[in-house]
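To start, the structure under review is shown below, and the notes come after it.
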């Protein structure tokens, strides 16, 4: 049955300029000494990517998933590949390598969630000391701040902002979707599982919103070197902290973009955000 | 791990007006005497749909899949549910029942493909004599032309236009995406499988483009009672027949809409088309 | 020279279904006893509007200008006619009468600015007791709450929200663009001119944001019968009061829409807002 | 009255990062020996443009008006300045100099219309031999093909395509809106005025569509070095020639973009096209 469609496609070769965009999604993993386990991740390799040719290097985007997802979420639920293909083919997005890490492991019970360090699970150390160097050595990536960006949704949106705040020298752009940017109080008692307590507590301790509000002018000046973008639905339960964060950026004269579109905490909001995010980080690369 | 997210959601209830949109996707099937087998289908039931309350009736949309897909394609690959939820919640789309039939059965070898009658597989008879009556009796559907619309992609876009052309009294609107609207020549010899030959041959015989070009003014007048919409990517191999069809509609003074957006024969084109299609058919209902 | 284009258009009649959309912009005025002067206004009459035929009635939208503009602003700077024509022709907007009042008179020195009552210039009384009744009697308007909506920009966005707050029984929808929704402090001394003092002071006294925050549940319940929409640029100096207003609506469980798009306090923001506003109020009519 | 707004703006300086985008529209003119008269034109100079600093050079876009307009049309009817400001500020468009020439003079009776040479009015000679060199010497423009683009509407859309076809070595991109791309027959008799005859006849003689269809592979290869974009409304009377042109480009394997949006031959179509055109030519510059 599929042959019929194939034939249509074969015929189409004679009718239109080639529109094949031969991107690839690669499943890979890295053995972490810091975490004591293997950590899986996905990589989007754009059309024309040639692992053999080390002379052609690409900008890199780290694309972070949310609380209850894993490294497959952006491709399976967010269908990021089709959007990336379309935008790179039209030129609206630059060709880039897109790395989708995984924040936790579903099979290990314990404190393994989120993008920050928690007791016995130093994920942030892993990310910067093991993961980023290994990935960037393996794939043809331009390993400099001007060609490295962050994006993510929900908990991954919080990770995006927090990593860019505390590693300003590593990223030129941060695009946060429906981001978890604050936890106003320390969770008083432990949740039903340690995981939940530690995840929530790490957001409380590293709250990007509080960090911003307490920042002095020197810190603000540093943050002005990053390009910031906040995108959150008008029915999202995380809207307030995004608005607060944006207005605090304005008060400190740190340029940032804000978009509030129709929607809540759901996948089609993030899917459609890709159409804004990829061109945005593309414009930031190389500035 | 998911409890943490649940708690966030529970908390959110106190922070925002309820945004729960309790739509349902129901998997159902019907035993066909005409086809001699069970035919599966999916139904999208909007928020507030109550099978017990027969006094509230909804408009109905038939949403057709393409050549190499089945009745699950629109939900699994097209994520139609999220778009429908969002648009119905905002009011951009009316609440409606969306029926996703299946054009063939993957397990039966033979002439079982496409939306038209082929030898030993009278699918079109099944659709209008068995399927539509049964579905509309079972679900709370407004069974009249003014509240019944068609949409579909590729082969299903061809089915959309052809059904609306030849059953004008049944549908008020037809929105065709990347539609297969013509087969200029009869396939001379049988393809590797009978299926392919009969599918292609049925498009040749019922070619919506040829039917349109040969139509007299009486036929054209009938077609003016349907609202037509063609949406096809500028890199799609089926673009030419869509442009030809639209210009032929214009020549015969049959109002129609045309959109050509960036893209080819791929899922994100159809996914994003939902944002135009659902409001369009909503405006057509009840006119 | 223009004949050549005319000929092209004449030829085109044979090539396409008629796309003429014969809307009209009418300049009119009303003599006000309350204000003691003539007040000009514009009216957009949709295609098909027939002043003789009193049996066909249309919904009505009041479209308010900003601080330094007059009743011509929406047509001259906002090119609202072309957008209305396009959207009504496609069906995205319902056909409606759009009334563009004028908030002040440029030739009278004194307290004549804004949409509220100020000493010796009871504009709000004029609007509800003289202007609305006269306009709705003269043009074929459905004079009921379910077919009457408000929209406006900046000071007119504030007027939109305030009128809808305090005349809930008159309007079904309020769409405010870049709205001036609050004046936190009473202007301590008079400004260089009385006008400025009184305008600003009237916003201070009727602050929609303070009224909302102080409202009890009975008041909130009343406001739930109106459909609210706030649309403000991320670089607009009035963004904060729009965000505050929206979050206060959410806290009181009054459904509202919020959009923050790229832009500041400028005409193309309001021009492009028309593409969202007209379909929104159209959906509200008749609910 | 305006002081009040001014004060609001002054206050806003403390609240947000500077959003001033100090672009300029300059009215200029050039004395043409070829045409024997002065020819006016407008120039958009982006924020930061400093006529004194000859070390900073900008890409240049020529933006052509239509049949019944002049060099003021794009600013007055198309409000191009606001769109350019917004897009350059966000980075979606590169900063560039935008030159708006005038195709004719309203005061001279005779054959003075269109972008091509007609008897006694060698406009195309003027454009390439006098106008372009003079403008590019006066303003800080990067005078090379990789930083020079064309766009225009209707007759100016035809000029855009024709100039790019016959001066391939001068332009890297051509974005044609609702373009007049063909005149199938020679006008048999003279129109009421010579102007109309000569204008129409020049399009007949230089028909971009016929030139394309008759091109050999060597010519096609040359055209592949230009980036082409066609944007035309589905209700435009010029749609057919745009579709024909695009499909002919596809047949000759010359990459091009096509968009068909809702609309006809009217200003808001061209105004909204600016949001696609400016980012498109920006991506073409420097490739």
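Of note:
For reference, chains read A, B, C and D in written order, and residue numbers begin at 1 within each chain.
We take it that a residue touches a chain if its C-beta (ideal position, glycine included) is under 8 Å from a C-beta of that chain, and two chains touch if they have at least 3 such contacts.
Remember, it's a predicted structure, so these values are computed and weren't measured experimentally.
Over half of the residue-numbered contact pairs at B-D are shared with one candidate from A-C, A-D or A-B, namely A-C.
More contacting C-beta pairs link the chains of C-D than the other of the two pairs B-C and C-D. We define each chain's centre as the mean of its Cα atoms; on that basis subunit C and subunit D are separated by 35 Å.
Rounded to whole angstrom, the centroid-to-centroid distance between subunit B and subunit C, based on C-alpha atoms, equals 39 Å. Within subunit C, residues 15-17, 90, 239-240, 257, 262 each touch two or more of the remaining chains. Those residues of subunit B lying in contact with subunit D across their complex are 234, 239-240, 243, 246-247, 257-262. Residue ranges on subunit C touching subunit B, taken from their complex, read 15-17, 90-92, 250-251, 253-255, 257, 279, 283. Residues of subunit D touching subunit C in their complex: 1-5, 7-9, 11-12, 15-17, 19, 67-68, 79, 82-83, 85-86, 90, 104, 106, 113, 191-193, 195-196, 199-200, 235, 237, 239-240, 262-268, 271.
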